[in-house]
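Chain naming follows the written order as A, B, C and D, and within any one chain the residues start at number 1.
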Amino acid sequence: MPGNVLGERFVVVSFGESHGRCVGVVIDGCPAGLPLSEEDVQPLLDLRRPGQSAISTPRKEEDRVEILSGVFRGRTTGAPIAMVVWNRDVDSRSYERLLETPRPGHADYFASVKYGGFNDHRGGGRFSGRITAGFVMAGAVALKLLKATLGIEVMAYVKQVGDVIAPDLPIDAIRERRYSNEVRCPDEESARRMVEVIREARASGDSVGSLVECVAVNVPQGLGEPVFSSLDSDLARALFSIPAVKGVEFGKGFGVVRSRGSENNDPLTLMDGRVVPKTNNAGGIVGGLSTGREIVVRIAFKPPASISKPQRTLNLATMREEEVVVTGRHDPVIGPRAVPVVESVVAVVLADHAIRAGLIPPVLRGTDPRP
Amino acid sequence: MPGNVLGERFVVVSFGESHGRCVGVVIDGCPAGLPLSEEDVQPLLDLRRPGQSAISTPRKEEDRVEILSGVFRGRTTGAPIAMVVWNRDVDSRSYERLLETPRPGHADYFASVKYGGFNDHRGGGRFSGRITAGFVMAGAVALKLLKATLGIEVMAYVKQVGDVIAPDLPIDAIRERRYSNEVRCPDEESARRMVEVIREARASGDSVGSLVECVAVNVPQGLGEPVFSSLDSDLARALFSIPAVKGVEFGKGFGVVRSRGSENNDPLTLMDGRVVPKTNNAGGIVGGLSTGREIVVRIAFKPPASISKPQRTLNLATMREEEVVVTGRHDPVIGPRAVPVVESVVAVVLADHAIRAGLIPPVLRGTDPRP
Amino acid sequence: MPGNVLGERFVVVSFGESHGRCVGVVIDGCPAGLPLSEEDVQPLLDLRRPGQSAISTPRKEEDRVEILSGVFRGRTTGAPIAMVVWNRDVDSRSYERLLETPRPGHADYFASVKYGGFNDHRGGGRFSGRITAGFVMAGAVALKLLKATLGIEVMAYVKQVGDVIAPDLPIDAIRERRYSNEVRCPDEESARRMVEVIREARASGDSVGSLVECVAVNVPQGLGEPVFSSLDSDLARALFSIPAVKGVEFGKGFGVVRSRGSENNDPLTLMDGRVVPKTNNAGGIVGGLSTGREIVVRIAFKPPASISKPQRTLNLATMREEEVVVTGRHDPVIGPRAVPVVESVVAVVLADHAIRAGLIPPVLRGTDPRP
Amino acid sequence: MPGNVLGERFVVVSFGESHGRCVGVVIDGCPAGLPLSEEDVQPLLDLRRPGQSAISTPRKEEDRVEILSGVFRGRTTGAPIAMVVWNRDVDSRSYERLLETPRPGHADYFASVKYGGFNDHRGGGRFSGRITAGFVMAGAVALKLLKATLGIEVMAYVKQVGDVIAPDLPIDAIRERRYSNEVRCPDEESARRMVEVIREARASGDSVGSLVECVAVNVPQGLGEPVFSSLDSDLARALFSIPAVKGVEFGKGFGVVRSRGSENNDPLTLMDGRVVPKTNNAGGIVGGLSTGREIVVRIAFKPPASISKPQRTLNLATMREEEVVVTGRHDPVIGPRAVPVVESVVAVVLADHAIRAGLIPPVLRGTDPRP
């Protein structure tokens, strides 16, 4: 597969560009019988939508999902589910100039090398964060499927922006409060300080990095395929597909480097009648298999490359360095808008693995096919 | 694919168990015409071999590679290359007891849940670090292929053990000195201190975490496929397949969270006639594409789960917690022996991508097929 | 992959239903730089369109292709190409009744078993010949790509309808005359007799079987991957994906059973400076590899299952056999409308293999990216 | 995948050469808990073994299977199952000469074009029928799995040799008598005449074509994935991977071309409490899905290309046509030895689809993991 296809049994195909006609997705392999309509997809898409707050890009997109296939009488049919959002508020004026002076930190130049200049560079084209709207449409279906069949929930939130780190919170607080503010941090005090940092960065024509933590609960034990499709392998692969991700870690993550085995090992215990690790340093995955504890993964997002501060870059016509000022409409931080994207990507991988493991059947019986 | 298969065009199939008859690998898709014999594979395998120093397991395995297919008259034929090492020094006595009291931090219990108890648990079976001998056999071929066709080199080394961090070193030092000591750290002073930490941990019946950094040089610009097979996605997937990996980061990695766009962006410049990023915060990958700068990836290894210190675990027969002492032969740290494994895995992914991109042709012409 | 995805490097994803909103396709892996617009796709789609003659279904569909992504400034970008035709003339009234009395020869009942009754049964849903509109959109791109890069042409025509067999014709006649009549047979006299047979069948409320032959010329030698992706394997797989195909044969095909090696073997000779088989009993493929001679494949299409003659079937409500009369709008023969579909499917497989073999590069340089 | 890999969930990887060290296979995805030992595989392998009768090649190979991995305590573990047979009776002397004068009807020349002359040409290398020993090892496992879980049986036999066609026989006769004679035709009278034809061909230094029919019973309804992985698509793909196959047809096959819908349609009826087609013109597959009736597929094998009669071919050194006499040890007909190969390939595809459909679980519980 050339790369726009993810998964084995719950397969996601991504298409569309930032400034083209649409952004879309096809899901192949969704079980039949899942109640589904645009109303199931739109709310998550709305959480990703630009132009919603002072800390995101002012680009205005309605992002109304249209389901083109695979649903009949309000239920999935087992056929591929194609979905699109149409691009409306496209302003490509500022991008022509950037062909000559590629924006530092962007893929523009390397994409043009790879595709011989034929790539659609407007708004970053395929390399734009906008294509994650497709991930979210697929994610909304995966989330609904996981919840309906296995009771799995996937919840992400912003854990850190710059130097501001949110304290650890119980799952319930994350579930209820993660979308309660524009920065998507369930701890209000941290959220307030994060907003400050973001505003400050934007005010100085700059951007700031962020960390998203994602927790998946009720994941059955033993999920994960061997070796190259271990659960952490497949999650990491999918997460690094989100633009701007520079690091992925599970559980204690990079913290294990300084630890001793005697403190890092999670001993088994009996909890609610199940044998599970008492502590969760492993982040819910050992040997590539889920342990029955919550899966905990953290994702580092770089500060957005588009900043209004003047920057040095190379003018490809003159082959001299010069100053460039990137205009256009951009986010000063990625984490907050990435929260629904991370949830989506994690859900897609879990749905794929649950189907592979035979935990979700090809047909969700028990609902009446002809309502 | 169920998970023992990696790649699209340079495909690696892993098989074998820790205490079974052998550990092996099949490579499908290696171009024809590459000079290859056991002598090309053995040296890297020797670097991974157990029983070589005071800081590794005393298990003695000769690990002599045998090429079973795909090579004719000293050159690859384009047919699948099957390779094995036979297991010799197998001592499974200590493992029966562990079925009842699963070792903390190991996959034993979760594997038994997944496979209904049918999995070969001896020595960890498929979940043992020993299966990485197969990765290394494949890696040796990939490394030779990359060097011969594109001049790409892949070099890993131990960057950190516990609190001991090696200073940044020039590529040349890494190339020449990374295998010069048992801890595989090219900085001798750091290496000496790392060995101390490891010995101390072992002496107290414990183990310690480690960090491996891997650098790939001469990677052509624009390598990487779109979105879900971006270069970082595929590298991360493969790296998380190595047992005990808990985190993967590129370039500045998790350091981006605290950074500003203005400092993190790598401006373009002209270097040796090519347009490349002047700095390399991105670790050689932007938008999933290689930038022409060295690829820099860091991998966090947890301390080995097997320690001789008494630990609490659950007795599955009595369902009571009790103390377990893990005997058997084990490494007190993973990083040093993982160095050739990391190089192998990175090389396999780069070879796959180079073939996908048409940069390595299906036949290496220019050598005489009938020497 | 669940089955709606074909290919490795030129990947086709099919979606849409007969009576849903649309029929569509995504191509992932088309090289960048191919001039492409709706005008390149529409003509082939028109040749497949229903309602064009007395021997095809009266369903009227404009079938105007819309390219949704992957094309910029008149050229492919290397990104996925999504294309749709919208369904307009949908009349699902007659299909409700068929849920109770499944049409003989149709997939209706078996699909309902597989999908638990959740499948969209209207007009056959995913099992309708209408989804081949997606194959044709992909095929038009593949045909253009093959012609532009390697000079490959793919030409199918109706070789037989019922007992009427067209004589062998030179390639030039096939190229020029295959679309010159409604039955898509380049031999006018045979075409006339075929039309008679078809009309006769329709007049008696019946349908008739047909045979399509497809010839691909200028296919370079050695195309085809080993064993399970041999050229004939992949062509056969794709051809059996066309609804109603019951047999596929290459060259002399089933005729080999009665032949002797001494007559069936194609000796090598020198032709136009190339070493190729003098005769072409093999149909251009030996050992799964193209020989340099034209590829010749024949495909048997059953008579359409939908006939207006009364037929016996089971009433699923009463579980008694009864008479059913299938109304709706249907073709009395499949071959003629399948001709562009066969060309498309063969072209898609050849394009995929040519890219796998490195014969078509990822970027078609030599055209200016910014016209 | 480059082509030596087949399947999605029951994955078969083929390796080895005719005159190399071994022929082997890896199965990835076999469920855990299936009782398995060499004794389960050897009998089918024996049926394929050369040197068994006057109508097969005199090459003597013991073909003793060795299971290298994936089995523990007599049961599959869920890990990859690697199996090999070692090549013993290799005589490559006659093959050097053929490099200059390629054998008519063989892949030798085209393989050498594709692989730049690096391919192992001895005995046909990867293009030899000998690699089907690997298919049979995988097939034996698939057959056992299908029988143990779903009661599916797969039975092939020689239906035709030259002009001799065996009459239709009941399933029971096929089951019991197909391996009762050297020509693998359950009808003794036909078998006798087929042997005559084969002897006659051999006596005149020639070879003869053959037709194998394969029947699969107890296949559950609705097996088959959509469109490109329809059951007939995947079966055809796998069958065309067997060397020398030139045609594949299901049910009435090419006979449909002359038929009318009213006679070809299989009406539904109630049989043993299930709704199934009353007749089986469709060969058990409609719309790519199994109908519940026996699957019937016929495969045309060309006469073996290796004949001792003098033939014309091109001398690649002189570029002149000359006479060549192919020595070496060869079969005069393919069908009889292909019978277990066809059964194997069909079983592998059915096992893959049954797992994809969730009809065979990842773990076969109900047997005790520790006997």
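Just so it is clear, contacts are C-beta pairs under 8 Å (C-beta built on N, C-alpha and C of every residue); 3 or more make two chains touch, one makes a residue touch a chain.
Bear in mind that the values here come from a model prediction, so they are computed numbers and not experimental data.
Judged by shared residue numbers over all numbers used at their interface, chain A and chain B contact each other through mostly the same positions, with over half in common. When chain centres are set by their Cα atoms, the one at the greatest distance from chain C is B.
Averaged C-alpha coordinates put the centre of chain A at 45 Å from the centre of chain D. Remark: chain C and chain D have CA centroids separated by 27 Å (rounded to whole angstrom).
Looking at chain D, one finds that residues 1-5, 8-9, 14, 78-79, 114, 126, 226, 356-357, 362 touch two or more other chains. Taken together, the chain D residues at the contact with chain B in this complex read 1-5, 8-9, 11, 13-17, 20-22, 24, 26, 28-29, 32-33, 68-70, 72, 75-82, 84, 114-120, 122, 125-126, 362-365, 369-370.
By the touch criterion given at the top, residues 8-9, 78-79, 226, 356-358, 361-362 of chain B touch chain C in their complex. Of all residues in chain D, those touching chain C in their complex are 1-6, 8, 12, 14, 102, 104-107, 109-111, 113-114, 126-127, 131, 160-163, 201, 205-211, 221-222, 224-230, 232-234, 236-241, 243, 245-254, 256-262, 264-270, 275, 277, 282-283, 286-292, 300-307, 309, 311-314, 316, 319, 321, 356-357.
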